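Next up, some structures in structure tokens.
Two complexes come next, and they have one chain in common, chain A, joined by chain B in the first and chain C in the second.
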Partner chain A sequence: MQREGSAFNGLGVVMLKELADHLTSIRFIILELIVMLIAVGTVYVASQQIKDTVAEDPFLFLKFFTTSQEPLPSFIFWLSLLVPVMSIGLAFDSVNGEYNRRTLSRILSQPIYRDALLFGKFLGALMTLAIALVVLWLLVMGLGLLFIGIPPGGEEVARAFVFLLVTIVYAGVWLALALLFSIVFRSAATAALATLGLWLFFYVIWPVLAGELSQIIVPPDPRYAALGLQTPGTVVLEQFLARLSPSTLFGEIVVALLDPTTRALGPIYLSQLQGAVLGAPLPLGASVLIAWPQIVGLVAATIILFVIGYVAFQRQEVRA
Partner chain B sequence: MRYGFIAAIAAVAVAFATAANAQDAPKDVKGLYLTSDYPAVTVRPGETSTVSLQLRNYDVAPERLVLSVSGVPTGWTATFMGGGQPIGAVMPASDSNVSLELRLDVPKNAPNGTEHLMVTATGGAAPLQLPIDVTLAKDLPAKLSVNAELPELRGTSKSSFEYTLSIKNDSGKKLTVSLAAQAPHDFDTSFTEEYGTQEVNAVPIDAGQSKNVKLKVTPPNTAAAGSYHVTARVSAEDTSATADLGLAITGQPKLELSGREGLVSTRAAAGAQTTVPVVITNTGTAPAEDVELSGSAPNGWKVTFNPTSVDHIAPDQNKEVQALITPTDKAIAGDYVTTITASARGESASTDFRVTVTTSTMWGIAGVGIIGIALLVMVGAVARFGRR
Partner chain C sequence: MSPDVVIEAKGLTKKYGQAVAVDDISFTVGRGEIFGLLGPNGAGKTTTILMLLGLTDISGGGISVLGFNPAREPLSVKRRVGYLPDTVGFYDQLTAADNLRYTARLIGFRFNEREKRIAEALDRVGLSEFADHRVGTFSRGMRQRLGLAEILMKGAQIAILDEPTSGLDPHATTELLAIIRRFKTEGVSVLLSSHLLERVQSVCDRVALFNAGRIALMGSVSELGRQVLGAGYVVDIEADGAGLAERLALIPGVSGVEQTGIGKLRLHADRDVRPEAATEVVAMHGRLKYLGVEEPSLEAIYTHYFENKSGEAAKQGARYAA
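Here is the complex of A and B:
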């Protein structure tokens, strides 16, 4: 039956209820505690290393995000690892859990459309993650101020803020994927396993596989190999394949945003570097422009995954 | 044996030389003679003068001769000197000479004029007589002359000009000549010895001799092109001489290049032309002609100028040209260095300009379009699949 009226009728109610449920759940508190501990640890270690650095750096504050010290990896590494885990942890049972608890038909008997339910579930989880990430971001900035006592410049704050937005979008991709699988699979455990499996595949296996596949499809030219260079065709294909993974896209955006001297994310010909002043920082706009295709990729992937889940949910039998 | 032979030869040679000395006089001259190289001399009042005399014995037996001098004016003192002490008699051996001197102490107030003195050597035979005329005269005036070998020199304001001056003392006595030079303001002058670097203020020159000194003139770097005059002046006692020297400075252009108001950075979009004003300043002392402009930029970049060259820049003037810089389409964002060079006949200046390349925002708009399409798909799905 075709619905009448706005698709978003009751969206606010669902979103706020989801938000409240997430924020009070033990699952979220555990995830958040892990992230907080890691944040404090990495920032403390980074500040120790920054204090040892004498050289003047106009982007000292951004070093809190990128500095690592053995055996602890940098903050952005932990973030790229834990943001998907948090997203999947919040959303893997959002639809099939309701179904299994026999509450889905009860909700839908209220004057709430399916559209609103799904949008509300997605936005509620995204808002929960956004709150967590903003708190985390403020924590890092505050600890940074506390540890080194130098206020960050406007450009640094702007870069860190764009980085925060991108991290939320990255969380959205995994959220949309987890939501899709929770719609497709009736069992929550299957959905969780499928999502985590896909995440592990993209995070660990795909970068290696992309390199191997590109070498098979475009074999390296021995003339380039003799000069110790990579074959341009192979590199381009490898990069194209690797960028199918959201993790790779996020990593590239982070590099462009938090290292202002980054000039390009793809392969560069030596001729393009001729006369270039290396080490000169780019303005924020130029850095965002470099990473713009990746950002677009993440946003578009979120929307497309959500739309697929939406279509699947609309066509589903919800009565248990 | 061999050394003995050489010694014998040497002895013969010495003996022969002695014999030859004695044989200088003609064979038919015989007897004792009292002679003088200059029997008429000029002396200054208040000074001591010596007249050298010789007693010569040609082939006669040695004889004791008593010396006397007559006609000495009152107040004068005449003394015979021989072997460094006063003497009264001379005894030349056969075929030998005895040198002696007649020392005359002339009082300061002696009147001018000629005095006739008679030196007499009295012995066994007829007395030997030699008249000596002593003329009292005032001092010869000191006289100097100075000449430059190369009085006109030419060079740039950075070079130093070296004149070799020949100073001649034309007076009858040794003079200490002081040296001075008059040059335009801020020109540095110094005198040095002819071969050497020691600077001198004065040089002693013997009577009738000449000496070379070098005058080094260093113009200030800022000296404008043109001809200048330097006067070298040598003076001693109451005399002086001058030499007029010429100095032609052929100035030199010196270029400096910078952006307008010293700004040497600009922004340019990849593949799009940007205009940078470039100011060429001539800080030299001569006009710069035919100033050519060139740019050295990364591969694929285009650097042209409008106008492409400047005909003439007068000293202390500047000209502005527009540098048109086009980064290559493939340039990646960031800072690049472009060197712009202005050159005019061997003189050149260059400055690095920093070009911040920004890439086109077209792909950014395309990205927004992709997100828009994704949202449209979502709206379409909501409209198509929306149900209770």
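Here is the complex of A and C:
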């Protein structure tokens, strides 16, 4: 059965309205303030340390993102913590909120498809996050310039920019998850708790669990253990399991992008390192190539979660 | 479909799994007609409305709304039909005008037309001075009026109103019904659902009484009255004159005369006997002070009908038990 008209009728209208709603909401302003404060704090601390210790590093600027000093963790640590929180904070009530305000049936009785409403909501929230993250990125770069007074090189800016794009994609994953739960659960509080719970599970518990599970499924070989090495089978399985979590994928991409000396994300054989000049930085293209499967993984996770939500939304009854 | 029929439903059915919410109903709504879907909560009124708008799938039967099939051409239907849901909601943090602006953009009106239509619509429901107030501060009646303003702004040919008067105070109800009557004068057809019979009776041209997913009765209120209550007309007369009661009882069609007070008589008849009664009074040189016919009340029809139904069901149950 062919549907009449375009599924994207009204998409732009919904997107712009969501964007305007988010940008003026108190919720967003609070989240943004927290992130800004943390950015200023961590970059300042990092700059102190960079001034003290690092003298000649061709990628000095990238250190702003990765340097940490006790007790304050690095900027990317905070970012990997706060980006999911911001995404969930923006989207946990996007569909069930419309139900509860009883606006959904009124909006859907206008000449648009449900597709436009859902996609518009997703894009609106993603644009909000993108704006917030770009501002944050510019802030960090600007503060970096102020604190150490050395302009970043082209390669550094390019790496930092790719990092920004990846962060937006990472935000998209959690956004799609929060959107899905806002469709499945009628109560906004339940949806928020479920999304946050799942995020905590992936962020805190899953890495530990992945190690334990892989040891159970492929028990370590005592011959490797005698040599002080890990059993290859166990390590490979552990990595496979850990990579089911978007947090792990994001962490690996960050390492590849912000540390140009990274040559592989996982165990490799010594033979594969033959001829490599260890510690020498890779060009940006090569670094992106290393992290490419992870980047694709994040994009795929976003699409899959969105599609599940889309199907659920299409089948849902409108009446409250 | 004749040009004067705007909604035509044939054998419309909706099932949720095993449960049947709407069971094989058929009705038509004409242009400029106010048609009421009446019945208790859960009788299938809202489900019927959602099927008309293409907002829920149809399990069986067919609908045509202005010649379009809501399941296949939902955009064409929704562009021409305005919908006021049960307890309509708006975005509380936005102003009344901004809420309408969002809808107008979704419909696709250009800026100039949008602003003109919004101002007109708000004016017609009496909300002009509240255009820039946030909807969060609105009373329930004002929200319902804003919902009607949305339909007016849309320039809909059919207005579908789900429980428009529920939860409103008498004053707000009267205002709302006045706006609904104005729809009719502009040739807009109105389909409204309600469980409040008394209020709705005053505006509906025809009604369909729903019960457990079926249309139990359909027609104008007076038709239904005769159908269900039997001798439907009750004429009250206030006049003086000796032997008037006896003479009035002789009018063909009058089945009974009762004295309801000093100089007050009540006639039960199978038709409107006011002209004959007036002639009789004048012929006796009596002084006619009051002559009125009591419309059958929808409430009475409804209660009577469903009491009979449940009575019959009980009887049948008893028979089976025996």
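Heads up, the rule we're going with is that the second predicted complex is superposed on the first by the 314 of 320 C-alpha atoms of A that agree within 3 Å, B and C clash if a C-alpha of one lies under 4 Å from a C-alpha of the other, contacts with A are read in each partner's own complex, and residues count from 1 in each chain.
Convention: contacts are C-beta pairs under 8 Å (C-beta built on N, C-alpha and C of every residue); 3 or more make two chains touch, one makes a residue touch a chain.
Bear in mind that the values here come from a model prediction, so they are computed numbers and not experimental data.
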item: Simultaneous placement of chain C and chain B on chain A, clash or fit; value: fit
item: Computed vertex angle (chain A) for partners chain B and chain C, CA, steps of 10°; value: 170
item: Contacts of A:264 with chain B and chain C, given as first, second, both or neither; value: first
item: Partner chain in contact with A:9 - chain B first, chain C second, else both or neither; value: second
item: Which superposed partner A:286 touches (first chain B, second chain C, both, neither); value: first
item: Touched partner set for A:102, first chain B, second chain C, both or neither; value: second
item: Which partner, chain B or chain C, touches more chain A residues; value: B
item: Shortest CA-CA distance between chain B and chain C [superposed frame, angstrom]; value: 5
item: Doubly contacted chain A residues - partners chain C and chain B; value: 1, 3, 108, 113
item: Chain A contact footprint on chain B (complex, rising order); value: 297-301, 330-338, 354, 356, 358-359, 361, 363-364, 367-368, 370-371, 374-375, 377-378, 381-382, 385-388
item: Chain C contact footprint on chain A (complex, rising order); value: 1, 3-5, 9-10, 13-14, 17, 21, 101-103, 105-113, 317-319
item: Interfacial residue positions of chain A with respect to chain B in the complex; value: 1-3, 7, 108, 113-115, 263-264, 268-269, 271-272, 274-277, 280, 282-283, 285-286, 289-290, 292-293, 295-296, 299-300, 303-304, 306-307, 310-311, 314-315
item: Residues of chain C defined as touching chain A within the complex; value: 46-47, 50, 53, 55-56, 72-76, 78-79, 81-85, 87-93, 102-103, 105-108, 147, 150
